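Report on one structure; see the data block that follows.
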Amino acid sequence: MEIAELTRMLDVTWVLVAGALVFFMQAGFAMVETGFTRSKNAGNIIMKNLMDFAIGSVVFFVVGFGLMFGESAGGFVGTTGFINPTNLKLDIFETLTPGTFIFFQTVFCATAATIVSGAMAERTKFLSYCVYSFIISLVIYPVVGHWIWGGGWLSQLGFVDFAGSTVVHSIGGWAALVGAAILGPRIGKYGKNGEVNAIPGHNIPIGALGVFILWFGWFGFNPGSTLGASLEIGHIAMTTNLAAASATVVVMIVTWLTMGKPDVSMTLNGSLAGLVCITAGCQVVTMWGSIAIGVIAGFAVVFFVGFFDRCKIDDPVGATSVHLVCGVMGTLLVGLFANYAPGTENAITGLFYGGGLKLLGIQTIGVAAVGTWTVATAFIMFTVIKKTIGLRVSEEEEIRGLDVCEHNGPAYGDFMTKI
Amino acid sequence: MKTMKKIEIIIKSEKLEELKVALNELGVTGMMLTNIMGFGNQKGYTQTYRGAKYTVNLLPKVKVETVVCDDIYHQVLTKVQETVATGNIGDGKIFVYEVAEAVRIRTGETGENAI
Amino acid sequence: MKTMKKIEIIIKSEKLEELKVALNELGVTGMMLTNIMGFGNQKGYTQTYRGAKYTVNLLPKVKVETVVCDDIYHQVLTKVQETVATGNIGDGKIFVYEVAEAVRIRTGETGENAI
Amino acid sequence: MKTMKKIEIIIKSEKLEELKVALNELGVTGMMLTNIMGFGNQKGYTQTYRGAKYTVNLLPKVKVETVVCDDIYHQVLTKVQETVATGNIGDGKIFVYEVAEAVRIRTGETGENAI
Amino acid sequence: MEIAELTRMLDVTWVLVAGALVFFMQAGFAMVETGFTRSKNAGNIIMKNLMDFAIGSVVFFVVGFGLMFGESAGGFVGTTGFINPTNLKLDIFETLTPGTFIFFQTVFCATAATIVSGAMAERTKFLSYCVYSFIISLVIYPVVGHWIWGGGWLSQLGFVDFAGSTVVHSIGGWAALVGAAILGPRIGKYGKNGEVNAIPGHNIPIGALGVFILWFGWFGFNPGSTLGASLEIGHIAMTTNLAAASATVVVMIVTWLTMGKPDVSMTLNGSLAGLVCITAGCQVVTMWGSIAIGVIAGFAVVFFVGFFDRCKIDDPVGATSVHLVCGVMGTLLVGLFANYAPGTENAITGLFYGGGLKLLGIQTIGVAAVGTWTVATAFIMFTVIKKTIGLRVSEEEEIRGLDVCEHNGPAYGDFMTKI
Amino acid sequence: MEIAELTRMLDVTWVLVAGALVFFMQAGFAMVETGFTRSKNAGNIIMKNLMDFAIGSVVFFVVGFGLMFGESAGGFVGTTGFINPTNLKLDIFETLTPGTFIFFQTVFCATAATIVSGAMAERTKFLSYCVYSFIISLVIYPVVGHWIWGGGWLSQLGFVDFAGSTVVHSIGGWAALVGAAILGPRIGKYGKNGEVNAIPGHNIPIGALGVFILWFGWFGFNPGSTLGASLEIGHIAMTTNLAAASATVVVMIVTWLTMGKPDVSMTLNGSLAGLVCITAGCQVVTMWGSIAIGVIAGFAVVFFVGFFDRCKIDDPVGATSVHLVCGVMGTLLVGLFANYAPGTENAITGLFYGGGLKLLGIQTIGVAAVGTWTVATAFIMFTVIKKTIGLRVSEEEEIRGLDVCEHNGPAYGDFMTKI
């Protein structure tokens, strides 16, 4: 065996393991969303999480990958590699093999897709959700992916989004926001006099398990984005973990001070907020930078959960606050906190480390461009769905619960539920 | 034929153990316990979930039902009230109803013999 | 001594909020809510689980019990019926019983004063 | 006006299916089923959890309530007792109460017509 | 450090990680089986899943491994390496080290063993299940393992079962079928007039979590079966994932069309069906081949769940449809879809790629042989258990629930259960 | 790429993956503790498990790591590397990189911290628990860590604690014991006449899932403690698994014989007991040695769960019996069963393999020293907390449940709970 081949094998092994961890995040999303919503819709939310992955896996393979990594049409979209993406001649195929790279990209695409189910939970028609899943994995995600990771125009600008605060989380988050807004709030969420009514989740332990699974999976998501074995992965794991930990602590304290008691489900959201926020910069910030980013994420998530409620955008699990807000913010904060390989050719330096405003400007352009694209396409998609097959279940179905009305009965057949 | 009464006692679950002991001492032959949600003078409380306030005005209570003969009925009423009362709002209520008939399924006995 | 009645109302849980509001307006002093499974004219529905059919003929209902003085009893009956009725099968039933005695545990008051 | 009775049957859940069939044959028009915990002659059982003993003396039972007209009342009583009895402790009890009024919410009908 | 040694280390590292993932599938099985059955038996099914692993780990170490990999007696069974399997002189010990290889084989054995608990759930005596666990890990599995993976007669024939559709899943599946048939259906499952009554599971979210865990673990199960670092693992992960995804989509659609609504628990079974079905061929089929295999698995699992019910074989979690049917089918489909290393010496080519009927024939022989062996031994085992200690709990115990009767009380001490 | 660099990359990759698995054990602890306690405290126990990790991650980074690995003050405590631990000049940073090593040490520290929440469950004030978390990660754990893993006096003596039976588990266990004793039993746990009342857990399936997750994570915990790629990890995985499996079987049988029925939750404790007990010696004992150690752990855990109850120390999840008793015992058993590299320079040999009493003596000294330190510091800490902010919630809060009183409402908003 030659050393080059052995290196390839280590690359492949590491990226495959990381990819499997990212896959496992699907379980995390499913559990978080299930736990934070009501028991009468638990089977439905499970099914949505399952189907967005299943549908997405197939369409991303057949079409999406080509749009993302195929030969570029002006830096805007890939144009080759459909049906048989393994036939593409990508450099990275030479190290990672086509299988490993496509696998890794598939699970990332699926992460973006699955974010939306939480924000639109408890009232979206199942069929419409399937259509949405199809479209985001087919085109919405791959196009942005091309811009940033497929050699497209944003990557050429020098836009930094190491593991996908923007590509993955903000896309999911923007789509979630548009979807939740068009869909309208759940019955009873906002009172006649504008008051916000709580609709507590039904299974906090399983929601918490979901958060732990996501946190665990993030050790594949961020360090795995090296796309090969690398000495940097330890640093990346540390920044990832410190950001999550400090965001968690901050949310715990903030809810305690502002709401009287430390709020369990919000604190769990806090962990996710820290993770999303560090994702763009996990490789390029220092450990103390990651703590700062985590702290900011913690404040942001609490504020924005309240903010969206005041806007009457009903997001049962806080997906927009976590993925959109912290995804955008994490990308921008790279412009402040980046301090990578200072003094070298590859240096990436933010404002706080003397890099000036340039990087921040590029990050802002990227965020704006991705936001515009995703909001526009998501708006068209959801509007068309609404006008054709309909986006929302009937009032009666919503009250009785989606499990009984859209599927084959209650998710918890044996337990008595409260009045 | 002596008549029978059903005594229906609504209490907080914290008081259940003491009530059970008291009823046993009085010689009641059986009880039925049901989980209910109660709404009375006790006005509930407010919780904050993810920053949104919500009021819990239905409070979990236990309904204890026991059918007794008229002999011990007054005794039971007094004893229960004494045992359970704390003087705080939410202590609960007792309601009493006439029982027209009772049957022990095992043997088919009826009336007083059945209880 | 005026007498008291227990009104037992069986409804679908969807109607509970409206009923609570109506009863409060009428000045009832308390309620007990119980989860029950009901079986009546409403014949249930059929579900398919893994390809096998099964019939759900016991439907979840809420039983609302309230004890009222005879003064407002008729009023309550009428108001409840009006509030809850939709004209569809499964709207529910009201049953009324005499109450022989009532006790407020907190104070030991009895009869009408207790409710 | 004929009067109505509420029959309250406390049984083990194993017997529920048979009881439902029997009541249906007798033409009762509806039932209410409630989960209760019962305490009677059946003394419960002891379990060991992690080496510590604990006694389960409240046993899960089902309370079946049905309101019937006086015509069929005796028939129901006999039939139920026969159907459910096994001769073992824990077979359960039947209690009967007078019903003062009944209303079908859907239509507003009252009395016998309502049941 | 020399390159050879470093290669060994990478082999060991990869196979150990893969083995850990396969171990984690035990959690997946436990959750699926718990979620898809009733709450009164939840502690019991947990206990069975735990004990088959614990008992199996020990007996496979002491005896099973020797039967599987010891010196072959005519290609039929191993005869050395009992008590101290590390003393064997296996070639693979030279690369993987004895510990890594025995560990990896142990978790595979345990997977076969644990399949059965689902099919026999909610009515099997706990003691009898322990005896069964002992025997399958002691002898039933190791003998077949020897034929196919231990250098035995089937491997010499050229039988292809890369990661164990036959060795692991069909063995578990055949034993499950025999067990469920001898045991008889749960009380109330089939009506007097032959109608099939549904007995819904009590916790779909936790069952779904189990499926996600299994899917995750499968990224160890299939790619790890390379038994060493390899550039092929990315391809294997892709075929694994695509088969699972397409089977999921197919089942969702089929249940929707034939049963009126997309069935959650059946769709979850669909994912597993795809995974089992691709297991034999994951290395030797193309990505499009894996999609085809997934589609076939999807149709099959829906059909066979109904079929076994019509046969009055009560399998509460669908284990036979998933593991037996798709295990057998996946093995046979290799004979059609194999397209490995065409034009080379190691080429494995199925009917559809011009390889003729030869491979299909060999695969059929293997399936038949394994079926015969497992049905025969399982039949003897369960019959003897039935005649001696008894296979089934009493009617009263079944009605009250196994948790209260066979263990230390209910699994959910606090929740009220429905009438 | 040079071979040395590639080796480093493999080291980093392996330790990072192992560290991620150890992180995931947090989910395991959270689920075990949740499942084995009552539903009214489920949100609280989740929150405690989350916060001890979050708080611990930050303080261990800022201070703890320096105390553990900084320049030694007489072998007793580290004195440098605060605030910026990456600036330390550790040898291991040369291979693993600072990030990887600090990450790995962080998740170990968090494991020790999280053990305590189980023993003190259902009655401890949340604020007090946060203070405790802060202190154990700040100083109690790092000091012992310095003695044994940071080059301190115990490591110089030749004390063997490969993966942390003493460092991690016994520290957590001693603190748990002291905490539970000072706190007093839950209301109703011990009757007036001294009888022990069972307070059954509310969700055995999720508790079992926790055990499976822990078992899975242990394949990072023990093999990962090689702190680099190594051919030994397969052996370590085997000893780990065999000890866990045999302990599980023993507990199942013992509870069956002594309590009439095989006890589910105790058997699950048995698996953990075996895992904790093998942790110290997993690298240095033979496979049969590990079975023996597992068997001993099995007997011990059953005995000590009863014993602590007789002492009226109320430990809802059996944390002291599992982590303290088996942690201590596993460390001592190394003195009997060690048989590592016999005949070489690095030989570590226990009494049973002709090594005499020396190793046993050293192990005893280590156990005693760690016990003394932890009991003393934990006693001071909990006493001060008790005297100042108070350690225990009020009686009313305990009865109503911590979720409603200390947080934002019940963990299972929809389910009816039993009377």
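Think of it as A, B, C, D, E and F in the order they're written, each chain with its own count starting at 1.
By our rule, contacts are C-beta pairs under 8 Å (C-beta built on N, C-alpha and C of every residue); 3 or more make two chains touch, one makes a residue touch a chain.
Since the structure is predicted, the reported quantities are computational estimates derived from the model, not experimental observations.
Where touching is counted per the definition, the chains common to subunit A and subunit C are B, E. Contact with both subunit A and subunit B is made by C, F. Path length between subunit C and subunit D in the chain contact graph, taken as the least number of steps between touching chains: 1.
Set against one another, A-F and C-E show the most C-beta pairs in contact at A-F.
Annotation: the subunit E:subunit F pair of sequence copies touches via predominantly different residues, less than half of the used numbers being shared.
Mean C-alpha positions place subunit B and subunit E at a centre distance of 53 Å. Put simply, the C-alpha centre of subunit D and that of subunit E have 47 angstrom between them. Subunit A has residues 3, 6, 10, 13, 17, 200, 203, 206, 209, 259, 261, 263, 265-266, 408-409, 412, 415-419 in contact with two or more other chains. For subunit C, the set of residues touching two or more other chains reads 33-35, 37, 47-50, 58, 97-98.
Every pair of chains in contact is given here: A-B, A-C, A-E, A-F, B-C, B-D, B-F, C-D, C-E, D-E, D-F, E-F. Those residues of subunit F lying in contact with subunit D across their complex are 195-198, 200, 255, 258-261, 263, 265-266, 302, 305-306, 309, 318, 418-419. Those residues of subunit C lying in contact with subunit D across their complex are 5, 9-11, 34-41, 58, 61, 63, 77, 80-81, 84-89, 91-98.
Contacts from subunit E toward subunit F in the complex involve residues 1-3, 5-6, 8-10, 12-13, 15-17, 19-20, 23-24, 26-27, 30-31, 34-35, 42-44, 46-47, 49-51, 53-55, 57-58, 61, 84, 86, 96-103, 106, 126, 203, 206, 209, 403, 406-416. Partner subunit C is touched in their complex by these residues of subunit A: 399, 404, 408-409, 416-419. Remark: subunit D residues 37, 47-54, 58 touch subunit F in the complex.
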